[in-house]
Amino acid sequence: MPLRSASIPEQGVNDMDTLLSPPSRERTIRWDDPRALAEAGRVASGRDFLDAIFRGALPAPPICHLVDFTFERIDDGRVAMLLTPQESQYNPIGSVHGGIIATVLDSVMGCAVHTKLPLGRAYTTLEIKVNYLRSVKRETGPMTAIGWVVHLGRQTAMAEAHLSDTRGKLFAQASATCLILDVPDQSVVAQD
Amino acid sequence: MPLRSASIPEQGVNDMDTLLSPPSRERTIRWDDPRALAEAGRVASGRDFLDAIFRGALPAPPICHLVDFTFERIDDGRVAMLLTPQESQYNPIGSVHGGIIATVLDSVMGCAVHTKLPLGRAYTTLEIKVNYLRSVKRETGPMTAIGWVVHLGRQTAMAEAHLSDTRGKLFAQASATCLILDVPDQSVVAQD
Amino acid sequence: MPLRSASIPEQGVNDMDTLLSPPSRERTIRWDDPRALAEAGRVASGRDFLDAIFRGALPAPPICHLVDFTFERIDDGRVAMLLTPQESQYNPIGSVHGGIIATVLDSVMGCAVHTKLPLGRAYTTLEIKVNYLRSVKRETGPMTAIGWVVHLGRQTAMAEAHLSDTRGKLFAQASATCLILDVPDQSVVAQD
Amino acid sequence: MPLRSASIPEQGVNDMDTLLSPPSRERTIRWDDPRALAEAGRVASGRDFLDAIFRGALPAPPICHLVDFTFERIDDGRVAMLLTPQESQYNPIGSVHGGIIATVLDSVMGCAVHTKLPLGRAYTTLEIKVNYLRSVKRETGPMTAIGWVVHLGRQTAMAEAHLSDTRGKLFAQASATCLILDVPDQSVVAQD
């Protein structure tokens, strides 16, 4: 298949001023040492831990700054976050990358499970599946991701999540399985 | 469950200097206008398009700068990318967020499918499932994600992917379904 | 690891009367030629087709006899079926095989999508994910599977499903992606 | 949308002799009490248990008779089974029901994990995802399902599986997550 040189320059040097001018956009991301946060998480119930992040008594994790999403609401077994779609999240085919959507859906599901865990218990996500229903663009505007616990067992939990725009139109759906385990001993020791 | 105030300050103002000092880390991300890239993608075969990004004749999409991953190799139906795990990708529980892993696995699968598409055909990801096998930390070091096409039909494609460290230890596995469709007419018109 | 011969006989002949007596259970399954059914499906809307099976004007498909489940209710974009867990569905570890649960969940999701399709349109399931929350046994008693359409696009649809016992306790959850396509031409011809 | 009465009779009584004559096909399924089998499974390693079924020293589980599949080969972390597609497995749209395919793929993955478990350890499947690549019909002929362990941890395992025809053409792909746990105490007691 012949390459149309008008659209893709053969060389990386001469004729591509429009495409390869110095990156025209920039964003500076600032975050806090995540170790302190993770340690705080080991000595609180999930609900206390997340509530503390929500009210600003603990710093948000780095990923929230990188991907630009924030807590909107925390309930028992149910968490809502706000995602602002933006150009820095774009994939090569001109929309918000599916991984960004997976990130916020994974977050609301993991946090929803976390709200149910008492002090001394932790979780890790075993798997997540995301169904992409519509493509998300900057013009889509602010989106709400809601995650809720579908099943909470002794060793595992299962959660689901939806990503919608402000009018309630559904853009993505997800499900996840979490493993529930004891907080590792060394962490407890490290706190004492 | 009582909150241990030593670990989570009640107020967001006074007694949390260690946790809530101004964010100590920052990273500046620069990227190019993604519209030009997406338009170039509409007038080339998938392989030509991705090869052009790989050799620097087209700019990398914004997501590559945001998440910090790059093409490592592009073959027919198979794409490898390099991910550098870092602190800005961390979740609240002290490891690289699963969404970051989903992002790079989604990318290598989508691009692997894209290499098989001729001029005039495009794809969109319908769903992705990721199995997380081990947690990824900054100390894990550089990781390779490899995606390959398992099945290519007329209307759909299916791909799989693995994320491994430099010694070949597997950290995550994924599968995805893509819908294959004609490049939207208005784009073709816009190019003429 | 030494084998405890009391529990697993070394030979398949002598000392295993209790385990290898002639199979003590049997069930006879009867079904109709599925080609006539599939052809009827090609010349009706999905809703008309499923309603005809429900009221007995068309025979149930073979799988309903094999796995022993029946329609309970058909609504627009929502289908309920009744599954009777039984010993013939058991796996080697003493409960109803997960594939049986996948069968009924796949059925309610596929049929829910089918209710939304006009004459001339058909569907095929691209993928299904099932989360198993509790093990199902004969003693669990009759179960209801409900499937509903989450998203209906022009080329794809997405559905979800739940499997619950009569008290509403949730035993499994599923999601599926369907491809929507035109009824193949030769079938239409074959009807004329 | 008008119903074409030639294809779907309005009543379940008169004019549908071709479609609603007494079911023309039947199959009688015989199986063994699955409790004895499940108990044998609790007092052997997974490999010993499955090998005993394979060589006929233990009866196959009921599901193998119902769905008509058999072990083809058992290796360490890898199990192959033979499925014979047949009419009794058909869905309303004229091909083998996806749940039948899920059943055999779930089986080879579960058994592959089981081969890795020592005496005293058991597994349960948390979730399975199946991608359907081509439709399976009776004419497809005998099919081989192969499942293999991708990751074996202390508390969880992950497996994948493929379903192919005799020429190696791939018809379905699957992945699963299993929880690994101790054999329940009461079972051990019941054996003593």
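Letters A, B, C and D name the chains as they come in the text, with residue numbers starting at 1 for each one.
What we mean here is this: a contact is a pair of C-beta atoms (placed from the backbone, for glycine too) under 8 Å apart; a residue touches a chain by one contact, two chains touch by 3 or more.
Not measured: the values here are computed from a predicted model.
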item	value
Equivalent interface to A-D, taken from B-C, A-B or B-D so that over half of the residue contact pairs match	B-C
Selected pair, greater C-beta contact count between A-C and C-D	C-D
Centre distance in Å when subunit A and subunit C are each reduced to the mean of their C-alpha atoms	35
Subunit C and subunit D: spacing of chain centres that average the CA atoms, whole Å	13
Residues of subunit B touching at least two other chains	126-127, 129, 131, 177
Footprint of subunit C on subunit A - complex, ascending	129, 131, 133, 150-151, 153, 158, 160, 170, 173, 175, 177
Residue numbers on subunit A that touch subunit D, as the complex places them	126-127, 129, 155-156, 177, 179, 181
Contact footprint of subunit B on subunit A as seen in their complex	1, 3-4, 6-12, 16, 18-41, 43-45, 47-50, 52-53, 55-59, 61-63, 65-67, 87-94, 97-100, 102-107, 110-111, 118-119, 122-132, 135, 191
